[in-house]
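The same subunit A turns up in both complexes below, where it pairs with subunit B and then with subunit C.
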Partner chain A sequence: MPTIIVDGKSYEVGSGKNLLEACLDAGLDLPYFCWHPSMGSIGSCRQCALVQYRDNDDQHGRIIMGCMTPATDGARVSLKVEKAKEFREAVVESLMLNHPHDCPVCSEGGECHLQDMTVMVGHRDRRYKGKKNTHRNQYLGPLINHEMNRCITCYRCERFYRDYAGGKDLSAQASRDRIYFGRHQDGILESEFSGNLVEVCPTGVFTDKPFLADYSRKWDLQSSPSICSGCGVGCNISPGERYGRLKRIHNRYNHEINGYFICDRGRFGAGYVNGDKRTNYVGIKEPNGAFKAIKKNEISRHIIQWLGNGNIVGIGSPRASVESNYLLQKLVGPSKFSLGVSQTEHNILKRQVSILQTTRASNPSVREIEMADAILVLGEDLTNTAARIALAIRQATKNKAIAMATKMGIEEWHDSAVRNLAQKELSPLFITTTAATKLDDVAMKTITLSPDEIANFGLELARQLADGNSQDPQIIEIATYLTTAERPLIVSGPSLLNANIVESAAAVADALAMSNQNTQLSFTFPESNSTGSILLGEPQNLMLSDIIENIDEIDVLVVLENDLSRRLSAFEMTQLNASQTKIISIDVLENKTLEISDMVLPAASFAETQGTLVNNEGRAQRFYSVFSPLHDRLPSWQWVIDIAAVIENEELSAIASFDEVIDLCAQNNNFQALSSVAPDKNFRDHGLKIPRQTHRNSGRTAITANTSVHEPQQSPDEETPLTYSMEGLNRDQPSALTPFVWSPGWNSNQSLQKFQAETDGPLKGGPSGIKLIKSSGCGVSLDYDRTPSVSLKNNYWRLVPIYSLHGSEELSLHTKEISELAGLPFIMLSGRDADNMKVSDGDGVIVSGDDLRISISVRVSARMAKGCAGYSAGYNEIGHLTADTYVQINRDDEWQPLKPVVIATDRIASFKSEDNQYV
Partner chain B sequence: MIHNIIQSDTSSTLTSEEIHLINIELSHVPQKSGAAIDALKIVQDKRGWVSDECLIAIAKYLEMSSEELEGIATFYNLIFRRPVGEKVILFCDSVSCWLCGCEKQKHKISEILKIDYGETTKNKQFTFLPVPCLGACDKAPVMMVGDELFTNLDSSKIEQIFTDYEQEAG
Partner chain C sequence: MLSSLRTMWHIFKHLFQKAETVQYPEQMPYLAPRYRGRIVLTRDPDGEERCVACNLCAAACPVDCIALQKDTRDDGTWYPEFFRINFSRCIMCGMCEEACPTYAIQLTPDFEMCEYDRQNMVYEKEHLLIDGVGKYPDYNFYRVSGLQTATKDKGEAINEELPIDTKSLMP
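Our next item is the complex of A and B:
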């Protein structure tokens, strides 16, 4: 470990770091703009200037850029010397020539890195009297607001958007003081990760547009440590609340999972929490079919009437917490409990878990995925099913560049040098899918096959790895790349609802792992707690189809956070509706299942309660409420306890706190470690609770003065070590309990480095979450030699699900901005099929099959397996299309091309594009 | 300022001649995007400037996003993203020319043509732009009109130059 001397004091620093990183790791405040811990250095902003001395005798030294200079052993630098300070102040002063003084109306104000750095360098008085540049801002879609005048040209946006996330439609334009970061023309940013611009930009050029429309300062937000419920990856998030509204979501650093970045579904998809579809009060269905709101304590009267023979059945949910699911299972008994997913999905996910419990390969975290140097994806469009993993794979393809640079003695953080050296050289990535994916641009090879063919492809590859007898040059080539790699990675999942694909992925990984113990196997899981609900499963669990079949024997059906219309066919839903069974639905939003329920219990959303979710690698993580539930909403687990009290289940009705629920969950072997996922409610940090509010939260005593001048009491939080107040200590606690980051002098999210053991390193509070799935390493039992039959029919198209980041997920789709982006449901065709049918993007086709005839719009995919057509999975309107059914597709001659959805509703004025150009 | 400017060729598809010339450049580079600057120059050479439509067409041909190509096109001062006159006057206002009194000559040009920097004459004949250096400091002040270099400028020389152009244009 090198030792550097800063202003006469020695510091031991990590090897391979630059001086900026070394100084920050040492706890010194060295200002910077363009360097980013995940994106390295380019030396563009000149802010992190230091004076470096040749040796002890050198009294003069020279100015160097901290981010561009390696922290070599014995390096002598000064941060405090006047020359360096003057330089840094001059840099900020020059940036301020054009930066507007609009902090009071800027949504970045109060968490602005530029503000922090300006104060840090001591720049105060303005000497420049001239005019500032003004730019025209662009309309970038419903998620991101653009205010180009604030730009300080650090290039972080472009480097994140293009270099890191692979976006194509944002670039640095023009030169000198006319530099402009934007699109070629106004339009919606195409990247699924565009929201990270909000956090990457050190000032207010790119800001969170929905937040802007419903704004509070960071210091006024109440935050909590939370987990994203958008998909199965389990990114850590920090939601912010004020006035009972969820205002925004920021990334919450988790070293193993999301690091510094989350996807746009995670950041913008939780607007439904404030939406008008929320359930607020207990509803009881009147004979006329309308719901009447009743008081919480009236539920028992109704439920008792319905009990009949006491046959209560429960349907759990992969988007409800472990605790809620477990309590419901406990309430009704395992044999009367269903996990609440289709049988196909259930079988595949169960198999995925059993593979992860036995495979010889290791089951990587997102950060470990980033380290892979040869990757095979089987059947997953990761950008749309597990976006954060797709972003990690994109980084992994850059490992070849890093290896080339290391060979040349170039440090990994030397970003532009590394890129220049590698040009377009990438680590091998092979993508085998039915349709085009957003990772195709970094794939060495894309292979387009139908679902069965993907499985066969995987199995043949596994046989080649085992015995080397394949004749297929493509298989041989991929096998060679995988066997010569140091850290090969296989990624697969349940998207195509084909169990054989999952089997084949396990076969490839196991075959590789026989000779290479660094082999990794990762599966995606569709929903935020899919893995947790599988771990909850017991052999005698019911299937949804069993429930429908025997529906008339059931007196009361309790549905936990599950819209069954997304799992059952329209026919089954009708059966459910027609039955005499009383349905009690506990859910967050109105949906088709609530419509046919007899009682609706309003559930607290993820933002109003706590619970545990298990992500795709089997990591259990706790999320905490950011505000206490409004109206009559209660956490789902609390409703289950209330029902338990009605039916006199003593064990459950005796539960008095959330910690007791967790203790009860430990009865299930898989959840023995649940209580160590995060500290219990008695945990105190230096004797204090952890505040959800910043210590500057304003207006606390006057916040409700419009209704009463009496100071309101803070909502109590008896269930967790956190408190709904500004009192307490947000420092030194375990990482799982960090609601927001802030440090004196560091008001922006850059203050994160004060919570890290080292930049881009683990948090000081230790890792958060506990892995519940460990592999025995004995190998997966597999039948390598079988060849699943490929079923395709002439003149018919086999339907395969196509997922969209915006549109396929149930809850986020109820967020205004997301539903705008989701667009219309569609059928996806190959270019050739589309040409044959004489249709193109936006035209209409008629899809017909058994009892099915719908007219739907078309999207053309750059590649689509022969004999297959995709459908927009998860879109509400598309319930009648199901995977693996065969349909006929014909041009719809009567299709009225729908008018483009007016997205730019918030746009004030349009302007002629020619006015926005440069000579 | 730019409203009354000549609408030169803005047909969106590249001509076969342009494509032919771009293909020659493509044969020299390992990646298509490597020919971006040359492709822009080829199109500008034929059309005087690079319109949005042309930029999108070039980007498509080079398998780049239009944003990526826009970044390159707008970086260079001499790739014109707005229509220009028939001849572009590149007038050096850098240090050598400045020392030799180029400011006076600049006013002279403005007076004759009735345009300032960044503007185009009403008859679309000239666009007047400053440049930092033309590499002829020993003969300062200097300027280029179209492809022609004029050195050791003084008021009478400038008058002569533009009178000649006027006559030429008839």
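Our next item is the complex of A and C:
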């Protein structure tokens, strides 16, 4: 460990760091702009200037850039010497020459790194008398607002968007003081990670557009430690609330999972929480089919009437918390409980969990995925099914560059040098999918196969790895790369709904792991708690189809946060509707299952309750409510307890607090560690609760003064160690309880480094979440069911699901920005098929099959397996299309191209529509 | 003893001095223009609301008696959707006025705000907004700010160059 001397004081710093990182780690405030802990240094902003001295006798020293100078043992530097301070102030002064007078109307204000650094260097008065440069802004889509005047040309946006996230449509343009960061023309940003520009940009050039429309300052937001419910990866998020509305979501650093970045579904997909589709009051269906709102305490009267023979069946959900699912299963009994997913999906997910419990390979976190040096993806379009993992894999392909640099003695943080050295050298990535993916550009080889062929391909690869007698040169090549790699990684998942693919991925990983201990096997899981619901499932559980078959014997069906129309066929839904069974739906949003229910119980969204979600890695993580539920909403676990009280289930109705629910869940073997996922409600940080509000939360005595001038007590939080107030301490607590980051002098999200044990390292509060899945390491016994590949029929296409980050997820689709980006449901065709049908992007086709004839728009994929056509999985209007069915597709000559509704244009753009040119 | 007598003498002297009591409200005191009394929201010289809902007044308020919500007009300018001051909590410290970057919020020489019902001390925007510029007759934030509005294009604000042509090849 090198020791550096800063202003005469010695600090021990981590090896392989630069001086800027070393100073920050030592707790010193050294201003910077362009350096980013996970993107390294390029030395473009000149802000982190220090004076370095040759030795003890050197009184003069020389100015160096902290981020570009390695922290070598015995280095002598000064932060405080006048020369360095003057230099840093001059840099900010020159950056401010063209910075507009915008702070009051800038949504970065109050969490602006430029504001912080300006105050830190002490610059105040403008001396320059000249005029300020101005730039035209661009329309960048419904998510990101562009205000180019505010740019300080640090290049962080371009480096994140292009170099880190692989975007193509945002870049630095023009030269000298004309430099411009934007697209070649107005248009929606294409990257699925564009939202990170909001946090990466040190000032207000790129800001969160939905947040801007309902804006509050950072200091006024009430935040909580939460977990994204967008997919199975379980990124940590910090949602902010004010006036009872969820305002925005920021990334919450988790060293093992999301690090500094989340995808756009996670950041922008929670607008539904404020939407008008939310259920607010208990509804009871009247004979005329309309719902009547009733009081919470009236539910018992109705349920008792319905009980009949007392046959209650429950349907759980992969998007409800472990606790809610567990309580419902406990209430109705395992033999009357269904996990609430289709049989195919259930079998695959269950198999994935059992593979993870036995495989010889290790089950990596996202961070460990980033360290892989040879990757095989089997059947997953990761950017759309587990976006954060796709971003990690993109980073993993750069490991070759880092290895090359290390050999040359170049530090990893020396970003431009590493890139320059590597040029286009990438670690090997092989992608086997039915259609093109967004990772294709960094793949060494893309292989386009139908789902069955992918499985066979994987199996053959596994055989080659085991006994090496394959004839296929492609398989031999991939096998060679995987065996020579130090940390090979196999990624697969359920998205093609083909169990054999999962089996073959396990076979490949196990075969590799025989000779390489570092082999990793990762599966994606479709929903935020898919893993958790599989773990709590019991062998006696019912399948959805069993429930529909015996529907007439059921008196009451309790549906927990599950829109069954997404899992059942239209016919099954009709059966459910026609039956005499009384359906009680507990859900967050109106949906087709609610429509056919007899009672609707309004559930609290993820932002209004707490619970545990288990991610694809088997990591259980707790999320906490951001604000207390509005109207008559209750957490769904609370509704289950209320129903338990009605039917006189003494064990459940005696539960008085959330911690007791957790203790009950911990009786399940898989969830023994559940109570140690996060501290219980009695945890105190230095004797205090942890505040959800910042210490400068404003308006306490005025917010509700319009209804009554007598201020209400802050709503109490009896269930968690957090409080809905500004009182308490937000430091030194376990990481799972960090609602937001702030530190004196560091108002922006850059204050994160004060919460980290070291820059880009683990948090001071330790890792959060507990892995519930541990592998016995005994190896997977294959359960491969080789289906005879169906011969292709002329003019018939086999449907395969195609996922979209925006559109395929149930809840986020009800966010208006996401629904705009999702666009219309589509059929995806290969270029050749599209040419034969004489259709192109946006044209219409008629899809026909058994009892099916719909007109739908077309998207053309750069590659598509022969005989396959994709359909937009998860979109609302697409229920009739199902995977692995065969359909005919013909051009629709009467297709009227529908324009998707654009809900968020830049308001100014409408005034300037004819004048879109640069002057 | 001597001290007591001295004190009595001083008090006795006051009998012959002019009384300091002001006969308020018949007799109104002089309040300087910079007196810190009832808060108003002013308008810019063009008659538009000055407040841009930046929230700085609310953050500066030591008793947290200001609450507002930002919204955007069709012309791109920011304004408060609602703006509420709970005067029953206000301590007339003037920190909000000091924090205001647009001279919107100003304190006035009026302290006569007593009410029998505390609820009437809650002022909404319609109660706070006046039709004048207050103490600062000339300032209009949007003429200085770089933000583009319907009536002011990029480069038209005070001290701004015309927007840069990024496609120019001139050196």
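The rule is simple: the second predicted complex is superposed on the first by the 888 of 919 C-alpha atoms of A that agree within 3 Å, B and C clash if a C-alpha of one lies under 4 Å from a C-alpha of the other, contacts with A are read in each partner's own complex, and residues count from 1 in each chain.
As a working rule, contacts are C-beta pairs under 8 Å (C-beta built on N, C-alpha and C of every residue); 3 or more make two chains touch, one makes a residue touch a chain.
Keep in mind the model is a prediction, meaning the values are calculated, not measured.
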Which superposed partner A:Lys774 touches (first subunit B, second subunit C, both, neither): neither
Contacts of A:His695 with subunit B and subunit C, given as first, second, both or neither: neither
Contacts of A:Arg136 with subunit B and subunit C, given as first, second, both or neither: second
First, second, both or neither for A:Tyr243, with subunit B first and subunit C second: second
Dominant toucher of subunit A (residue count), subunit B or subunit C: C
Contacts of A:Lys168 with subunit B and subunit C, given as first, second, both or neither: first
Which of subunit B and subunit C A:His184 touches, first, second, both or neither: first
Contacts of A:Gly109 with subunit B and subunit C, given as first, second, both or neither: second
Set intersection of subunit A contacts, subunit C complex versus subunit B complex: 173-174, 180, 918-919
Residues of subunit A touching subunit C in the complex: 100-105, 109-110, 131-137, 147, 149-150, 173-174, 177-178, 180, 212-217, 219-220, 243, 696-703, 705-706, 708-710, 907-908, 911-912, 918-919
Complex interface listing, subunit C residues touching subunit A: 52-56, 58-59, 61, 63-70, 72, 74-78, 82, 84-86, 88-89, 101-102, 118-119, 121-122, 124, 141, 144-150, 153-155, 157, 159-168
Residues of subunit B defined as touching subunit A within the complex: 2, 30-31, 52, 55-56, 65-68, 70-71, 74-77, 80-82, 84, 118, 129
In the complex, subunit A residues that touch subunit B: 162, 168-175, 180, 183-185, 423-424, 913-914, 917-919
